[in-house]
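The two complexes that follow have chain A in common; it is paired with chain B in the first and with chain C in the second.
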Partner chain A sequence: MKGTLRSALLPVWNVLCMLLAPLDRALQPIANVYNRTLGGHFGEMNGLQFAVISLGFAAIATVPFWSPFYSETLNITFAVASIWAIFAMSWDIQSGYTGYISFGHSVLSGAAGYTIGLLILHYDPSMGPATTIPVAVLASLVLGLVIAVPSLRLRGPYFSLITLVGVLLFTNLIFAFSGWTNGELGIHQVDPFTYEPWVRYYYMAIPMLLVALGLIYISRSNVGMVLVTIRENERAVSSAGLDPTKFKISSFVLSSIPMGIGGALLVYYGRAINPTSFVEISNSIEIIAIAVIGGMGSVVGPLFGSFLFFFLEEEFLRDVIGDSSLRTLVLWLFVLSVLVFARNGVFRVIWHGLGAVRGDSE
Partner chain B sequence: MTLLEVDHLTKHFGGLVAVDDLSFSVDEGEIVGLIGPNGSGKTTVFNCIMSTYIASEGEIRFDGEDVTSEKTHGVVNHGLSRVSQESNPINLLSVGGNIKLFMLPNSFLACALPDAVLARRSDGGPGVVDHAERVGLEDKIEETPDSLPHADVRRLEIAKALATDPDMLLLDEPFAGMNQAEIRTLSEQIEQFREDGISMVVVDHNMRGLMQLVDRVVVISSGQKLAEGPPEEIVENQDVQDAYLAGEHGGI
Partner chain C sequence: MLSGLPAVLINAALISALYALIAIGFTMIFGVGGVLNLAHGALLMAGAYVYLLLARDTISVPVFESMTLHPLLAFPLAVVIVAVLSYLLYAVIVQFVEDNPVVTFLATIVVALAATEVVLHYAGSATHTYTLIPDGMLPSTIDIGPVDGILTVDVVGFVVSWISIGLLWVYVTKTDSGRAIRATSMTERGAQLTGVNVHAVRARTWLVAGALAGIGGVFLGASTSATPNMWLHPLSLAFIIVVIGGIGSIKGSIVAAYLIGFLQTGVGEYLGQNFRGILSLVLLVIVLFVLPQGLFGREFDHE
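The block that comes next holds the complex of A and B.
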C-alpha cells in the first residue's frame, strides 16, 4: 500500500524537484555561512532547509502582525501552541530520544502549576511571576528526580508503567486534598502577565524559542548521541563505559525543567489551574500525540507538531467541521494516520524531502 | 605483573552449571587464548568478567581491584573492554559516530560540551580517526555501519573497544566469518595492540589462527578448566584431544 502511494506521488515529486532544485542551489551559499558557523552545534542544512527553517522562525516571531489576516483567534491559538510546543519538546528529549516513553509528563507541568497556585492561594496572593516561576520550576525538577531515580534504574516497560501510575496518583492527590487545592474547580486567583493579546503571545513564544534552542543544542551534542543509543541498544552504552541509568535520569530531570517553565506559562496564560487542563492523563497523551505527528526524536519536529496540531484543532477544522466531538474525532484520526503512514512524523517527511530535491538522497 | 585474575569463578543458570570453579590469570602484556568446544562456557566467562552476568561464586580482580560486582560501565572504566561475537553497531550513527560514542566521558554535563572543548580536555589524545586507523577503517568514517562488508563491521567493533582506551581487550571469536587474508591482517593488528601496551584474552573454539598469536592457552570444557599451557603443548595434550573428539567438534 505504501509502495503504491509512493509511486503514485512520484511524478508530483519529480516536478517539485525540478522547480525547487535551482532555488535550493541559489540558497546554498547563505546556508553555507550558517553551516560554517553554527552548523556544528545545531546541524547542517542545505539551501532550502535553511530557508524553510528561517522563514518558520520568522513566522513564529511575527505572528501578531500577520495572524489577523487569517483569523482573529490565530494569535491565541499559537500562544497555546507555544506552551504545548514546550511540553512536546521536553517530552521528546526524554522519551523520544531514549525510547523510555513517559505517559505522565503532565505531572511535571502540573507540579509547577500547582506550586504557583498554592503559593498564591495560601502563602501570599501578591506574589509575582518573578518569584513564583523559579520556585515552580524547582518543584518540577524535584518531582522529576523523585520519579526518575527509582523508575529509571529498571530496564524496559516499568518506567512507562510508573509514569502512568504517577499521573493517576497525582490527579487523585489533588482531589483528596481538595480543601487545599480547590479540587476539580481549581485555583483562579492568578493575575495574568498582561491582558494585551499580542504581548501575551510573546510571553509564550519567546520562552518557547529559548527552550527550543537549548534543547536542539543538547540533542545535537554528544548527549543526544548517547540518548539515541540508549533507545537503539542500551547495552552498547554500558560497553562504551557510560552509565545508562545516569543518562536516563539526567534526561528526565533535564526534561522536567522546561516542563516546569511550560506549566508556569500555562498558569499565567489561563489565569487558573485545575486538574482537567493540567494534570489529567489526557494532557500527557496529547503531549505524546503532538510529538508523534511532528516526529519523535528530533526536538524541532514536536515544535512543528504543536503548531500543526493546534492550527488544525482550533482554526482549520473549526472552520470546516461544526460539531466539536466530530472535530476531535477527525483530529485523532489524523494522528493515527500519521502513525501509520509517516511514523517518523510530518516534519521529517518535509525535511527529508527538502534535503533531497537535488537528488542527494532518496 | 598480573592484570586480570579470575578466581574460582562459578556461574549457574538454575540447575545448569555454565562455568564451574574456573581460575586463570593474565599478565600484563600477555595474549591468552581461551578455547573450548562450543557450549563450553567461554562466552559466559567473558559475560561474568564484564558484569553482563553476575557471577554466582568466585571473584574477578582487575589491576588489583575487585570488579566482580561492578556494573558493566564501571568495568569498562577500569580498563577492560570486550569485542563481542555478534556485532551491534548503531546504524543511525556513522562509523565515526559509533567510535566517538566509546570515547565519551561518563558525564552528562561533559557530553553536553562542544567537541572542541572535549578535545582540549583530552590534551591531544587519540581521536576518532586515530582509532579508525588502528583497524584500517580511516577511509570509511562517514559511512554507516549497515553499508559495510562483514569484515569491516568486525573491525568497527574492535575500534569501538579500543576507543575506551583499555588496558585489556577481551576478544570473542574475532576471526569468525573472515577469510585467510583478513585473518592475517587482523592477527597483525592484534600484535600491534600488544605493542601498544594492551593485554588480551582471545576466545575461539579451536586453535586455528591462535597458534602464532597467543603466549598461553587455557582450555575449558563444560565450564571446567581442562588444561593450561603454551600452544604447542596444548595441541599435543591428550585430554584436550579427547574432549574435542567426544564433542565431535572437528578437532582442535
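The block that comes next holds the complex of A and C.
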C-alpha cells in the first residue's frame, strides 16, 4: 500500500526537486555560515532547510502583525498553540527520545496549575506571577521526581500504565478534596498577564521559543544521544559505562520543568484551573497526538505539530465544517492517517524531503 | 433503601460480574497480539449505542432507519455488530501498525476519541437510559433475601456474564480454534511451530473480544446510562483489573474483577463515593511495584 503511494508521488517529487535544487544551491552559502558557527550545537542544515526554519521562526515572531490578514482569531489560536507546543516538546524530550512513553504528562502541568491556583485561593490572593511561577515550576519538578524514581524501574507498557494511573489518581484526588480545589468547577480567581491580545501572544510565544532552543540544544548534545540510545538499545548504554536509570530520571525531570512553565502559562492564559483543561487524560492524549503528527524524537517536530494541530482545529476546519463534533472527528481521522501512513511525523517527512532535493539524501 | 452488609455484598457481586465482562476482552487482545487496545472502551460504548439504535427510537442515523426491535432480538444483534466492528478495527487499522506498540497505543486511543465524536454527532451529548427487560416479562426490581430493590437488569447481567464466561471457557479449552488462541497467547513462536496460523488467531481474538465487549457494553449502558464519554471509566477499570490479574490471563481478570468490584463497592459505602476510585488505583500501584506480572500473569514478553 505504501509502495504504490510512493511510486505515484514520484513524478511530483522529481518536478519539485528540479525547481527547488537551484534555490537550495543559492541559499547554501548562508546556511554554511550558520553551520560553521551554531551548527554544532543545533544541528547542520542545507540551504533550503535553513531558509524554511528562518522563515518559520520569523513567522512565529511576527504573528500579531500578519495574522489579521488571515483571521481575527489567529493570534489567539497561535498563543494556545505556543503553550501546547511547550507541552509537546517537553513530552518529546522524555518519551520521544527515551522510548519510555508517558501517558501522564498532563499531571505535571496540572501540578503547576493547581499550585498557582491554591496559592492564590488559600494563601495570598495578591500574589503575582513573579512569585507563583517559580513555585509552580518547582512543584512540577518535585512531582516529576516523585513519579519518575519509582516508575522508571518498569518497562514498556507497564511504565505507560503507571503514568496513566498517575493521571487518574491526580484527577480523583482533585474531586476527593473538592473543598480545597473546587472540584469540577475549578479555581477562577487568577488575573491574567494582560488583556491586550497581541501582548498576550508574546507572553506565550517567547517562553515557547526559549524552551524550544533549550531543548533542541540538549537533544543535539551528548545527553540527547544517550537518551536516543536508551530508546534503541538500553544495554548499549550500560555497557558504555553509563547508568541508564540516571539518564531516564533526568530526562523526566528535564521534561517536567518546561511542563511546569507551560502549565503556569496556561493558568495565566485561561485565568482558570479545572480538571478538564489541565489534568484529565484527554490532555495527555492531545499532547501525544501533537507530538506524533509533528514527529516524535525531534523537538522541532512537536513544535510544528502544535501549530499545525491548532491551525487545523481552530481555523482551517472551523471555516470548512460548521458542526463541532464532525470537525473534531475529521481532526482525529487526520491524526490517525498520519499514524498509519507517516508514523515518523509530517514535519520529518518535509524536513528529509528538503534535505534531499539535490539528491544527497540523508 | 440499600444499606447494610448484605446489600453491599450483593451489589458488589453484581457489579463485579459486569467488570469481568469488561476486562476479559481487553486481556485477550493483549495476550494474543501484545496490543493494548485503548479502543476497548469505545467498543463497550458501541454496544450501548447500537442497542439503543436497534431497540429504541430515541436516536437515528442516516441510511439506517431507527427501529424498535424486541430486546431479545436486539441484544444478540448488537453483540454481533460490535464483534464485527472490533474485527474491522483490527483488519483496517491495527494490523498495519501492531509492530510498533507506541503507534498502536495512539492509533487505538485516537479511534476511541473519534468514536466519541461520532456519538456526539448522531446522538448528541444527552444521557440515554434504557432497560433490557421487555415490558411485562419481569418486574424492574426484585428482592434477594433481606435486600430489596435490586435492578433486575443487573441480575440478568450477572447471569449473562457467567454464561458468557462459561462459553468462553469451553471455547478456549475444548475447541481447537479456541486452544489456538490460548497457545498463541502463551508463546507465539511455539504456536507457529505447531502449525497455528497466528494471523487468523489474532483476527479471531478481536472478534471474540468484540463480542464480549458488546455484551458488557449493552449491560453497562442498561445499568448506568449511555453517554458519549462512557468509555473512559470502564477503560481505566479494565486497565486496573487486567494489570492486577496479570496481563493476558483470563482467569486473572475474573478474579481481579471481583476483587476490584468488592473493594470499590465497600469503599464507596463506608468511606464515601469520592474515594471509590482512589483505593483501587493505590492497589494497582502496589501490585505494579510488588508483583509487576500480576496475580496470574507472566512477564511481558513480546519482542
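Definition applied: the second predicted complex is superposed on the first by the 361 of 362 C-alpha atoms of A that agree within 3 Å, B and C clash if a C-alpha of one lies under 4 Å from a C-alpha of the other, contacts with A are read in each partner's own complex, and residues count from 1 in each chain.
By definition in this document, a contact is a pair of C-beta atoms (placed from the backbone, for glycine too) under 8 Å apart; a residue touches a chain by one contact, two chains touch by 3 or more.
A quick note: this is a predicted structure, and the numbers were derived from the prediction, not measured.
Colleague: Per the contact definition in the header, classify A:Tyr158: touching chain B only (first), chain C only (second), both, or neither.
Modeller: Once the two structures are laid over each other on A, A:Tyr158 reaches chain C alone.
Colleague: Give one of first, second, both or neither to describe whether A:Asp319 is in contact with chain B, with chain C, with both, or with none.
Modeller: Touch partners of A:Asp319: none, neither chain B nor chain C.
Colleague: Touch test for A:Ser282: chain B only (first), chain C only (second), both, or neither?
Modeller: second
Colleague: With both complexes superposed on chain A, which partner does A:Glu232 reach: first (chain B), second (chain C), both or neither?
Modeller: Only chain B; A:Glu232 stays clear of chain C.
Colleague: Could you look at A:Ala240 and tell me whether it touches chain B, chain C, both or neither (first, second, both, neither)?
Modeller: first
Colleague: Using the superposition on chain A described above, determine whether A:Leu329 touches chain B (first), chain C (second), both, or neither.
Modeller: second
Colleague: By the touch definition at the top of the document, which applies to A:Glu72: first (chain B), second (chain C), both, or neither?
Modeller: Neither partner.
Colleague: As a test of reading the superposition: which chain, chain B or chain C, is in touch with more residues of chain A?
Modeller: For chain A, the partner with the higher number of touched residues is C.
Colleague: Quick one: in the complex, what on chain A touches chain B?
Modeller: Interface residues on chain A, with respect to chain B: 40-41, 218, 221-223, 225-226, 228-229, 232-233, 235-244, 246-247, 250-251, 254.
Colleague: Okay, in this complex, where on chain C does chain A touch?
Modeller: 36, 93, 96-97, 100-103, 105-107, 109-111, 113-114, 117-118, 120-121, 232, 236, 239-240, 243, 247, 274-275, 277-278, 281-282, 284-285, 288-289, 292, 300
Colleague: For chain B, which residues count as touching chain A in their complex?
Modeller: That would be residues 50, 52, 71-74, 76-77, 81-82, 84, 88, 90-93, 97, 100-102, 104, 106, 108, 111-115, 118, 160-161, 163-164 of chain B.
Colleague: Please name which positions on chain A make contact with chain C in the complex.
Modeller: The contact residues of chain A facing chain C are 1, 99, 101, 103, 150, 153-158, 160-162, 164-165, 168-169, 172-173, 175-176, 178, 281-282, 285, 288-289, 292, 296, 323, 325-326, 328-329, 332-333, 335-336, 339-340, 343.
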